[in-house]
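Input: structures, listed below.
Below are two complexes that have chain A in common, paired first with chain B and then with chain C.
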Partner chain A sequence: METLMKILVELRPDVDFEENKELVDSGELDSFDIVSLVGELCDAYDIEVGAEDIVPENFNSVEAIMALVERLQED
Partner chain B sequence: MAFTSVQFVVFLLLAATSYFLTPKRYRWVTLLIVNYIFYFMAGAWYFIYLLATTITIYFAGLKLGNMAAKNKAAFAVAKKDLDKEQKKAWKSNFTKKKRRVLIPALLFNFGILAVLKYSGFVGINLNALFAKLSMGVEIPIRSFLLPLGISFYTFQSVAYLIDVYREKYEPERNLAKFALFISFFPQIVQGPIGRFNDLAEQLYRPNSFSFERVKFGVQLMLWGAFKKLVIADRAKVIVDTVFGFPETFGGTYVAVAAVIYCIQLYGDFSGGIDIATGAAQILGIQLEKNFERPYLATSIPDFWRRWHITLGAWFRDYVFYPLSLSKFFMKVGKKGRKVFGNYIGKLLPVLIPQFIVFFLIGIWHGAEWKYIAFGFYNGTLIVLGILFDQPLKKLMEKLQIKTECFSWHFFQVLRTFILVALGKIITRAPGVSASAYLMHSMVRNWDADILTNGGLLKLGLDTQDLWVLLFSTLVLLCISLLQESGIQIREALSKQNLLFRWIIYLAAIFSLILFGVYGLNYNASDFIYRGF
Partner chain C sequence: MIKKMIDGQAFWQEIINRISKGERTNFFFSEEEALFFVGNKKISRVDFTGGVYFFIEEESFYRLYYFLEKGKIPEVLPEYGKPMILEEVLLAAKERVPSEDSWQRIGFKPYLQRKRMYLASKNITFEERKVTFASEEMLEEIFQLMQDSFEPYSSALPTKEELLLDIQKQNVLISCKDQKLLGFLHFGDIKQGSMLWHIAVMPQARGLGIGEGLVKDWFTAQRDIAKKFLLWVRTDNPPALQMYEKLGFLPDGRVAPVMIKTT
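Right after this comes the complex of A and B.
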């Protein structure tokens, strides 16, 4: 979780990732942020994120992003 | 059958009556029959294309669904004996198999669209190239009439197929129900492009009659007709005059026409969408939102999030993400970091696919160079916006420019509107060189006096019509500002006294009758996006 928080804060220092649970639905993260974030996640966790994984539910909160990472690590 | 015609109102009335009179179990069947009658009335031959898409996408979806089910069962058994690498290989092997079904279906359906829409354009340009190279070859050129709504139903059905390929949901197993999903008559003409997981269930379930919904639907249709008939078709007169005679009307006339064209296009397209949404609402179906006050956007990306939302979302989900997350662009990003540094390198997998998306959005609008130029114009603005985002933020901090205030917000909206209006000149001018000529003339021959010395009266509208256009546009602006501040107009109206509500309804109806622009035999002009 620490690595993820570090990536997120570096990507968007202006966003409150701990409190905001609607990162995509509220428009806080846009498609450019998502692509940059995915690039970082792939490098940091050695996972492959496909276009099919890019749904708001997977990126709306830190917990959801972490769950996605864990699921992809298991696959 | 235009949405603003009396025939459409009668058709909708008959469609809704037969839908609600049908026993609940068969309502979806009635809806399918109604859709097919609507489509058949638009042209019997078009029907073949719609059927071809329905059948190919349906069977490809079914095949993908069956493959996924079998694979899931087999994987569940084999999983425990596989290590991480073997699991990856299994997944990759299955993806390859699925692609063998997906790709032919995509090629077939986009192939139909490409041949009908772009073969003339490609042929003309190839012939011009052959002539320049003196090759003595000439390709015979055939132009085709575009089947009604082909871009819209093709995109909608392809989205369904890709989602099934991605195993986002199960495929529809009933062919007739699938046929219903891609032929819903209010939205097949010009969208909004629906998603299966949002729209299909609404179409299949037996919707009950609701007076409240019918009232809201009719109100929205009236509002849409107002935007189309009173605003857009009146604005069209000025726009056609200026852009039809670029040599006569240069300078300030171009700026006036560009602004009025923005109003026309929004009134036309969003008006049509409102009528479609209202008609669907009468039948108990909520279509996706396609506009969110685009001219109040504060940046070009913001504009594209508010304009033709469902098309933008389609390109984001089915072109932008697959491209930017592909192994190729991930590698481009990594190499880019080494060559250009961290900042630019990270942006490359975003910037290049974004440019490709805008190129495609450009040609989606039409097979002409000007639309390609329009795509590049928007792509360039977005790329520049991303590249200069951080440096500009730092500069503004240094200059201590306040960004949390009305004046800054107003500046952003105005700046975005001007950039959008310049882009509209590209699409509305007869060609790319004509648009360059018009923009040049706008800067060189600026003469603001035409706004006060009666110059505007040369553009085809008399004083009364100009006032009607100005006043109705102000009404549209006020409503948009109220909506932007979070007020739901129809809900707010329903809370008012009966007398006040009826004054508003009657004012809307009479303004349509008195100020709507109708041509010969009271046929309003065609919707612009119907042609896409």
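Right after this comes the complex of A and C.
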């Protein structure tokens, strides 16, 4: 979780990631953020985020992103 | 080999597949926009080992988009007969990959750079101001000032028809004196916020605080709607940077360098 928070804060220092549970739906994260974030996750966790996983519900909160990463690490 | 793109859905699927592998890119469009490019036959491609270039044709130049596998560097581009513009969105604090050098090696030169700034509504002290929205009669004058004030390649200037629609939507504010246009501010909606797209002041009216007044008008016009105000500003424009800093805008860490390859 610490690694993820570091990535997120570097990406968007202006966003309150602990409070906001609708990061994509509320428009807080845009397509640049998502593309950058997927690249960072691939590098940091040595995973591939499947095309079917690039959907808003997987990026709406820190918990959702972490769950995605953990699931992909198990695959 | 340069190929025209014809299948929008296949194109979008390819984009998602490349993103999912963490390929480097400057392609940040939505599905809708990607389909639009293909539908309008504006986009072509060149494939090479380790990546692909997409070209979007504008009237006097091409916009270049790329996908590069990890560790790969940009390859030499075919000659197209018009300037090629490469605009990237990057995080200022992170190392640029692929590097500026690797683009320079294939003929690109630095052109300009912008940075993004934001201001949360809760940090604004709103003033009571009488704001003036542009009327349709002012379309030509505003359009001309826009053409005269911005560089032609990366300013995302609207067409006259698009500007008219934005005037009708009350997304263009003006400053006037004796019914003469002194300046305008063109903004648009983003989720929960408002984005300043273009602002310009007549040369003879600069240095009089008209730009600052227009920005304050923008705050007033959007105060009940926007939770945050965003803009991109050129880093070689100190008067504008100082004005935005004075108003409370802060950089959010995103920068957008633009490079050009002339023929």
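Just so we're on the same page, the second predicted complex is superposed on the first by the 75 of 75 C-alpha atoms of A that agree within 3 Å, B and C clash if a C-alpha of one lies under 4 Å from a C-alpha of the other, contacts with A are read in each partner's own complex, and residues count from 1 in each chain.
Rule of thumb we're sticking to: a contact is a pair of C-beta atoms (placed from the backbone, for glycine too) under 8 Å apart; a residue touches a chain by one contact, two chains touch by 3 or more.
Worth saying up front: this structure is predicted, and the values here are computed from it rather than measured.
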item	value
First, second, both or neither for A:Glu2, with chain B first and chain C second	neither
Chain B versus chain C as contact partner of A:Glu10, first or second or both or neither	second
A:Asp75 touches, of chain B and chain C: first, second, both or neither?	first
Of chain B and chain C, the chain that contacts the larger number of chain A residues	C
Chain B versus chain C as contact partner of A:Glu19, first or second or both or neither	neither
First (chain B), second (chain C), both or neither touched by A:Cys42	both
Touched partner set for A:Ser31, first chain B, second chain C, both or neither	both
Touching both chain C and chain B, counted on chain A across the two superposed complexes	27, 30-32, 35-36, 38-39, 42, 49-51, 54
Contacting residues of chain C [partner chain A, same complex]	13, 16-17, 19-25, 27-30, 89, 91, 93-94, 118, 190-193, 250, 252-254
Residue ranges of chain A in contact with chain B within the complex	27, 30-32, 34-36, 38-39, 42, 49-52, 54-55, 75
Sites on chain B touched by chain A in the complex	87-88, 91, 166-168, 301, 305, 316-318, 320-322, 324-325, 330, 333, 346-347, 349-350, 354, 386
Of chain A, residues touching chain C in the complex	10-14, 26-28, 30-32, 35-36, 38-39, 41-43, 48-51, 53-54
